[in-house]
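Starting off with a structure, shown below.
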Amino acid sequence: MERTKQSRDAWNWLWEWANPVKFMHLTGKALPWVVGLTLVTLIPGLIWGFFFTPEADKFGSSVKIIYVHVPSAMMAINAWAMMLVASLIWLVRRHHVGALAAKAAAPVGVVFTVIALLTGAIWGQPMWGTWWAWDPRLTSFLILFLFYLGYMALWAAIDDPDTAADLTSVLAIVGSVFAVLSRYAVNFWNQGLHQGASLSLDAEENVADVYWQPLVLTLVGIVALFVALVFIRTRTQLRRRRLHALELRERMADA
Amino acid sequence: MIALLVRDLRLAVRAGGGFGLGLAFFLIVTVLVPFAVGPEGETLARIAPGILWVGALLACLLSLDRIFQLDFEDGSLDLLATAPLPMEGAVVVKALAHWLTTGLPLTLAAPVFGILMNMQAPGHWWIFVTLLIGTPALSMIGAFGAALTVGLKRGGLLLSLLVLPLYVPTLIFGAEAATRGGAGMAVTTPILMLAGITAGVVAFLPFAAAAAIRINIR
Amino acid sequence: MIALLVRDLRLAVRAGGGFGLGLAFFLIVTVLVPFAVGPEGETLARIAPGILWVGALLACLLSLDRIFQLDFEDGSLDLLATAPLPMEGAVVVKALAHWLTTGLPLTLAAPVFGILMNMQAPGHWWIFVTLLIGTPALSMIGAFGAALTVGLKRGGLLLSLLVLPLYVPTLIFGAEAATRGGAGMAVTTPILMLAGITAGVVAFLPFAAAAAIRINIR
Amino acid sequence: MELTVEGLSVARGGMPVLEGLTFTLTTGNILILRGPNGSGKTTLLRTLAGLQPPLAGRIGLPPEAIAYGAHADGLKATLSVAENLTFWARVYGTTDIEPALAQFNLKGLRNRAAHSLSAGQKRRLGLARLLVTGRRFWLLDEPTVSLDQASVGLFADAVRSHVAGGGAALIATHIDLGLAAETLDVAPFRADPDRPTRTPTAFDEAFT
Amino acid sequence: MELTVEGLSVARGGMPVLEGLTFTLTTGNILILRGPNGSGKTTLLRTLAGLQPPLAGRIGLPPEAIAYGAHADGLKATLSVAENLTFWARVYGTTDIEPALAQFNLKGLRNRAAHSLSAGQKRRLGLARLLVTGRRFWLLDEPTVSLDQASVGLFADAVRSHVAGGGAALIATHIDLGLAAETLDVAPFRADPDRPTRTPTAFDEAFT
Amino acid sequence: MPDLGKYAEAVLSAWGISIFLVLALVGLSWRQSVVARRQLEAAEARAAKRGKSDDA
């Protein structure tokens, strides 16, 4: 076996990224840019959305909630997808960055999930006359929230970091399969109340450009925010992991 | 005594989030029922207070075996029994720790979860009040049941079986008060009964529970 | 393998009636709901298949930690892992033993308990069929969850938290099929989906569960 | 102060295991309990500790004088060494855990969670608990299980200084602890299942 | 047949505990592992038994040759002595439990439930399990804990006859078993936390 | 400030909650990052010192 745990292959340029040193170095360099991108997209997008959009006929001024609801709902789902990929990287390649990035992303995903749930509920009250309905999209989203909770609870419950990484990765994979399955189950079980795919290019459903343009800006912004947060938090996790190793060593030296 | 309370709370928090898990289970039960019953808002609203009470009760129930079982298994219960603490005091402290980590969070969360069940305005308030009055009884009765089953290998289900009938009066008055309150009817009688049960249970069951433990460890 | 199955069944029977307790819990849940919801026959009949499914699911859930936890605590899991049995096989056998002691009795009892919930004629048959098809999936998913949490002190509630979302599809299709069947509507689609889930779960989850156990005992 | 036992009979699982034990343990002394596996040493110690009632006979001991150390250590896996010990100190109304940590060479492990200790380290922590109880009479059930030679030495030192300071110890063990002590072999006191006094007539009181 | 270990490093809780172990155990021999509490004997045995992966190095052993006896006995409290033993016999594909019962003097207890055994009786049952595995290499972790002198003798006899019949045993223990055996002290192989090769630069895979 | 009409409450609370939660998350992540960096630096320093004193 070579000194590094990973053997080398054609994809090495990609895996280099997952080397903790490289990762720290690269993200250290990239972080100011990502934060900058977040600032120049998210803030103008939100300001534009809040101050400079007209009232819609059906929604009135409540349409402005779209700028917080839709980006966070989208990122909540995408964050889980990112965690799935990162977990697979850990299981297959044993790169710590994979597992730790997944761990770092989970709380971000949960916060976005909570925001989407709360803003959706607040929006639902005037629009549908109810805070909550057992609509397929809402319901499957709630199940996703439960998966996030379980995933984080499992991380918190296990002491040994590598064991925790392994088990949570297994859970992320099995959970993803069931999350998709739930989506179909819920669809079958009930017809929807929730908005359709209004961002699609399908002419009928498409929202007017006045709403669409700032929304795109906030969507880009929220992606940048997610990347920035995951970078920061993964760096923290890597440091903690390293700290854990050092403390173990220290303990061994004492004993 | 305080040392025991502090230790139990600390153990609950360390064991991967003692607070969170009871809550999460409660949330899940309130979520599962609509899945099973179907999503019609009206049916849901009708059964909401009852289901919330059942959910809180089950969440309580699942965490009961924590109260004494772990201490029994690792031998600390034997050591506590030989320590200068009255066993009755230990029982009360442990029931209190259980309530703080389970009953209280459940009470605080129930109004929010009511929304998922399509509950209407004054209902939230009443589910909160009834749970606040009723959950201490659940913890204390649970501690008694846990004391009875502490010697048994994996007494979990047996514990449920023993405790659930004892929970019935609390459940009936609690759910009744919550339902009436939500519908704007008079609630004094069931609330008084509920408070009476809690007071009686907290006054007398510690002695029974302590006796059960002494018998179980000998 | 057969030795393991026999041992697990024997242990379940010896441990104060493995069969009886799951059933008793199921009975109590189906009894508590009418207490909590109120006794109107029509509401009850409407929610009966759903509540029976939830009750079966919770009864299943409560007995899950038996699957591996005891073996882990007394060291037999370590010894089994060094024995000439593939871990996947052990997982399947243990899930099967769990189903035989929990899922199967629940299935047989559900039609009878349906009467308590004011259930009408073809409903009994359909609750039986759907539980028969669905409960093996519950046991297998539960074994996976138990494998994930086996190393953790008192992972009971965490186990529930992890497993319940995984139960949602089974619950939806099962309860939907039971409700439709009871109302005389077409049930082919949900029944097929339910069978598909069970088949998929039994085919794939043993590998994930065995991996989780190997990770947990190292 | 002394612990007196007169004509004591003890039972386990409804079956008498030892009968007619009489002995006295005064402060400043150590008594070693010996006897083959299953002869009833654990049962005797549990009875003396008040965890189970005696079948017959009298136990005389000053109240609040006993600290019991069982087969199991009663450690909480998620608490650290210091937290475990502090808890017991507070239960017994004492405060200082430093001497106990020092005596059993646990200072380096003080912030380790108990579950990450080796078998012998756990045992040392279990024994350190005795020191924080402040009790005079130690009842110990196979205290040196899993301990290496050096740790057995630490334990023997602890017992010696406890006894020198006016304490006493009753220790069930199978190995030689190197302590100056009297020995009590329980084997001769084994309960005789067919002794006539306990079976006056068939079925009459003949349930133990 | 032999068990060979080359340059083995083992870790517990993410921390290396022993490094650079090399030894060979051939059938017909006994190797006694010694080392103070917490030195890593349990960790080594678990690694050899295949329960955890080694950090580095090579373990060579014939497949299906090992029987592991841990700190815990893996007994089911509600099953009787005979049922417990029969279960393990069937798992290992053997059938006859009589010799094992006889060897450890358990015939009189065969129908007792395991929970009603004393500490030493439980241990004897745990050891009897080894005989029904039919495996050549026994890896034993402090097998004589709680045993009295006579039972230690029974155990030593069992090991001797196993070895004479073409078996081998690797035994971690703190006491003298009276066996003719080589001894391996693990203390010199303690992992050095600050060995430079394990700390190349900050973050460079330096997580153990 | 645009006139939000009868939806003022909904819009403002939705935005308020969202901004609060995001800021809380950012703040928490930042603080954890600072704490972890500080602790790690201290630990690295101790490790380096220990390495040296061992050599001596």
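Note that the chains are named A, B, C, D, E and F in the order they appear, and that numbering of residues resets to 1 at the start of each chain.
Basically, contacts are C-beta pairs under 8 Å (C-beta built on N, C-alpha and C of every residue); 3 or more make two chains touch, one makes a residue touch a chain.
Here's who's who by UniProt: A = Heme exporter protein C; B, C = Heme exporter protein B; D, E = Heme ABC exporter ATP-binding protein CcmA; F = Heme exporter protein D.
Only a predicted model underlies this, so the values are computations on that prediction, with no experimental measurement involved.
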item: Of B-D and A-F, whichever chain pair has more C-beta contact pairs; value: A-F
item: Maximum centroid distance from chain D, chain identifier (CA atoms); value: A
item: CA centroid of chain A to CA centroid of chain C, Å; value: 32
item: Approximate Å spacing (C-alpha centroids) for the pair chain B, chain E; value: 45
item: Length of the line joining the C-alpha centres of chain E and chain F, rounded to whole Å; value: 48
item: Mean-CA-position distance for chain D and chain A (Å); value: 56
item: Residues within chain F bordering two or more other chains; value: 44, 47, 50
item: Per-residue overlap in chain E, given as positions that touch at least 2 other chains; value: 13, 38, 71, 77-78, 194, 202
item: Residues of chain C engaged with two or more neighbouring chains; value: 15, 152-153, 155, 158, 161, 164-165, 168, 172, 176, 218
item: For the chain B and chain A complex, residues of the former touching the latter; value: 15-17, 20-21, 24, 27-28, 31, 34-35, 38-39, 41, 115-116, 118
item: Residue ranges of chain C touching chain E (in the complex, touch as defined); value: 2-4, 7, 10-11, 14-15, 71, 74-76, 78-85, 217-218
item: Chain C-facing residues of chain B, complex; value: 15-16, 21-22, 24-25, 28-29, 32-33, 35-38, 43, 46-47, 49-51, 53-54, 57-58, 62-63, 65-66, 69-70, 73, 152-158, 160-161, 164-165, 167-168, 171-172, 175, 179
item: List of chain E residues in touch with chain C within their complex; value: 46, 49-53, 64, 66-68, 70-79, 83, 86-88, 90-93, 129, 133
item: For the chain A and chain F complex, residues of the former touching the latter; value: 50-51, 55, 60-62, 64-65, 68-69, 72, 107-108, 111, 114-115, 118-119, 122-123, 125-126, 225, 229, 232-233, 235-236, 239-240, 242-243, 246-247, 249-250, 253
